[in-house]
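First, the structure itself, so that you have it in front of you.
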């Protein structure tokens, strides 16, 4: 019996091609990033190599900057309306091999292989009445002409109550299983309030995909995008998916990072084995080449620590957006701090302690001791003292504090003698920065 | 120099196939209705015979009741992405004749011929990169994959800033002119706030259509649908179109009829030569066959008088929705009351006098005398006395009243002696009904 | 140190005067209900007697049916802008005794005493610049003239950043503590998105109230009303209040009951010691007298079981709306089924298993064994079979089933042999009804 | 019989105290401005001197910058709940004289006198159950506790269906008539969608005010504020008021000025004798003293010409916001260009010709000849050529052009020979500026 939660006991960690390559990633790029990961990141838990959007379009990116996705491009399809890798970009896919050779290579490095797909069936297939595998129905019979993405013109949504609909999705994941895919990021589907419901239903399409994964015989992580996911539908996402985006696309912009604190508050009670609200990729290192806007991240070092602390404590998936072979040493060190990454795999129960427009305090609990972790975030524009009481942390005493980013013991405990207040842990925190403590009891 | 206002000096009057046939009207039906009109209605000013939606789909209506429009149907196109009449439904269109033979027949009866089109370019043409006439651009190059109708799956909006866009519309109207078309109802375009604007613009698409009509060399009435049109864009509609729908589809339902009073208030100052806010077809007589819901109108006789009085006084276009050969005598008499129809052609300045949830009073002015017309509408569920003061009508005295529906002189004037009130004209009006006076000064 | 969660370790259970009396409850009514509770309900855990809205208005209800609350009524105030019980309605409050004598009486029955207040400061006090206790500031200096309730005209919101604001709230709760109040339902404050934020803040007013309770020296349950509470602010409510309404006022109407299932889904992860999302009073028995609409509940017996099952499993507070002395025996039995009430005090982890428009399945866990409780709700209009798989319940095997409403062993387990499905528990459930099982492992 | 349109045959022109004084204007300030107007502006048509908001508050402005209006201030009231001028600010109002002495002074200068009021009845009067004149009802009986302004705390809306409501308004205007008031600006009422309708109705309150003016025996201009007025209610405003604001408060900010072009488009067909959509005061000269932000207008000279041209052609009321005694000569000349002001009194039929984000062209017609006026507005950030065709102006030929701001003959006519285009009038216009022509035929 398929247990989707067993596929992702901890938040998936890896690399995704989008932030650097946009739609243009090619086979050699994927290999280079995988090789870097195997060597430098795998020891710290990073393992997924994910090929993001538009791998079936031979011309992807050629109409930049006019458009991100080429309208009405003739993407590569097999006879059953299924997308295949564009061979000019992925040479090993020649002769119908699909992504199998590339997945094999990634597996050979000890890593796992993931792909992106847009939900739905290709518009071209619907308009030309193409065949589907395992059913007499044709693509036009399962497609909704009214269910389109707002930002990509390739697909129509699939109507779950049509004959052939489940068979179509089954045929997709059968193909992906044959390639050796370990992770599927399904796009244009996560925020199920984004599109009108009648008769198309994004929720039902998620269920079809879940069933197709269960039926395909190979465990795959199911990642849903883009956000913001709808909190009212948390139970549905927890039942059918492994990770789901809780914001729209995240980039190297402080306003977006600050806003993530509110999103994590909303979703903090919805993190569990196999169920990970997703803060999106980490836009660190070199970014934006495929967008014709190559740059080093706009985030300061303090902001990157803030981001990593929040992502790790909240147990968001950690997918690196950087071009890995171009990572500099300080960035690599941020990404591989074992005392911070420990929270991703060995903590639980992250929750907001206090927040206002100028600061936030979060805490989580160690799986293996009574220790607590506490992050003091400075959301303001000036260095300031941030504090939290032991009472708010839910503990009675502290024996020692360890500063996890600075890797040193800290002396930050204040005992207040005021009538109604408990002892307080505090730190002076730089603007946009964080101090992260292991609080030993 | 093309003056679009000269094409429709008065509100267009005629018949439209939609209310009875939905998508299924055929050549013989059009001919039968035209013959009836020539014989019974033409003397009263009715002259347009309009073939409504989906005439290019050979299978139109075959998937009722599952769907109104057949998703991904292969509609008839010429080599330049232009729709042609389905020959199985319009036999005279064989051999590339298009609607010319049918238009000729209608013209031969002394009438005018109109067609419906969906704005945009066929989706099929875009996905298969079909040619366009008069340009090297292909259909995919002018189509927006994000501009679709919410209720019909045939077309994509045309991006006005693309090479070939104006040429495409020019080629359409060149074809329609060659057929002898006198009236074009362009659908999915009137409410320019209905769809997001960037980069597609319904307003720019209206302008392209206007230019194409100007360029085609044949005068054509330009009718835009569906509503509600946006009052903030009145100037734009008045500049480029002849009539535009001021509500969503209107049917034989009192709630919709009552709501039309509010819409007419909003638009009352925007009626002028060549510019007619459109209250939609008159759902009288036999209706609904193509919708699998054939019936006689649900409107009572009083409600039909209310509707006709409002439409005529407001100078809305008058397009009959009934199957004409099945008209009964009383309905025909309603439609051909010359004293009521007089307002359509020989009055101006219709305006609301007073309205609340239970009544409305409207007035308009005669073009040829100082007489006024006054309609006392009872919007409530009981018979009641309705009245209006001469002051509100803007006149000082009354010499006689003529009841235009009852065709008799009326005695309804009351002189009130109260300090601050002027003489009052009144009538006892049945629920949902109207009394319409010519007020002679 | 004040721990607000310790005040309500389990969901509060009791009686509230609103559903029967509206604004008109008097001292003798409160006593009669308290006496009934002490005798018939206390053994099952019910203990709070709550006097709801408008106890300071001598004329409350006298302008029915024109208005629920008397506009600009001169409510009873002490010299410090604090409301006092109207002595004509609560005779024991004479001579400045306030609610102390009545609270003493309730305490003497072994019960607890609660009151309702509107958030804010009396408008009359602000306009006449009345004094506040413990500060030189006057009522006009802490009131916001723009923060009013949409449905009651008595109060203005208090601006938290004004001198005297916290002192005012402290003075209120000091008074309530002196009376012996155990429970305060603060109204017009729970849905913090209901009113504009600048500069007034409902969230800050909640915090002031929390602080005033902490300072007053007497434990009091803090109940916030009306809903719907905002899920994005769950952490704030959990930090400062004990219970908060998750819908607008709930009444004996199936549409409202069905909608509660969606609300409970949203809030299911936010139930913990001291923190209870509130489904509102139980509109059972005799209702509506003060509303001039006295009746027995419109809920069928099946609907009442559905309601009680959901409230108990979800661990909503259980506040009876009925006039207790008029309870009939079957209703009393519904309210005192010990096997159902067991879930309120001895279970945890209630969660939705599956839901669609026609059914819902919920489960929760026993605190003292590995047993599970499972409720199969029929939300449709016909009797139907409802089922849930053991896998969805998260258990592997079942040794026995006990039907808790019928109080009998049940035989409902089906073992399906299909490839991908686990054993299923099912029941035939009447329309709008429920079957509730203890699932023994 | 009262004809409200006869009171304002042309758009009212004058001065209003708000833009310079905010709430703080005093008697000597009003006299100084009146004296300036009598000497310098009256010959050009300016005649109204309007005392704006808060003249009954002795402390108005004393709590700046904390608040614009003093919350819960004890404004001056007579025994019938009617506001009186604060005598410390208006000494001639002593001994119950009200505004009569000041109005007499203004009249003595050959000018007219206006006041501002907030709609409704004082909150204080409602809470203290004060008397009303001409009725036994008291203030609490006609006030709605739920109808408050969003920005001023003085008043409650009056419920039109209550006994005493019309009598209250009659008593107000009886008092104003006794003072000699010629113009009343009623505030917090124009945008009738701003507040919820049930049971309070801003529309009904407007009707009560209209009736009170009709009953008071003295003609008064009725000006409604603030906007944006609701175009769907144009007929109601035209029936009951003389001028109504079509935007929120207008200030010396280009974004607001540019936005006014869209508002004027919407309202262009609703200008007629006695009916003037109002673009708000002209923020020219010295501004903002009472706001603690005294300055000369932020508008450039070109922007001021653009504003005056639009206001004059559209026939908006022209109420100067500047402190008149501080006007400099160039500003005075802008305000008194007789060839531009001619449009206010002697033209009609202003309408938009074309507009996009970078330009607008408007035209209007002379009442006394076939000449047209045409304004070419440059809405962009660079100088550019703007043009309009004779066809769009609706004329066939041009004999001469006169540039009305530059006061010289112009040579701007271009005859285009292109097939479908008519002769074009054009000008090179500075950024944010305008060229205004009289087009002689």
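Letters A, B, C and D name the chains as they come in the text, with residue numbers starting at 1 for each one.
Criterion: a residue touches a chain if its C-beta (ideal position, glycine included) is under 8 Å from a C-beta of that chain, and two chains touch if they have at least 3 such contacts.
These numbers come from a predicted model, not from an experiment.
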| item | value |
| --- | --- |
| Those chains which touch chain B and also touch chain A | none |
| Chain-contact steps, minimal, separating chain C from chain B | 2 |
| Greatest separation from chain D - chain, by CA centre | A |
| Between chain A and chain C, centroid-to-centroid distance (C-alpha), Å | 39 |
| Distance from the mean Cα position of chain D to that of chain A, given in whole angstrom | 56 |
| Inter-centroid spacing, chain D versus chain C (mean Cα positions, whole Å) | 52 |
| Sites on chain D at which at least two other chains make contact | none |
| All pairs of touching chains, each written as two labels joined by a dash | A-B, A-C, B-D, C-D |
| Contacting residues of chain D [partner chain C, same complex] | 71-72, 123-124, 126-129, 140, 143-146, 148, 150-151, 153 |
| Parts of chain C lying in touch with chain A, wherever the complex brings them together | 1-2, 214-215, 231-232, 234-235, 262, 265-266, 268-270, 351-352, 391, 420, 422 |
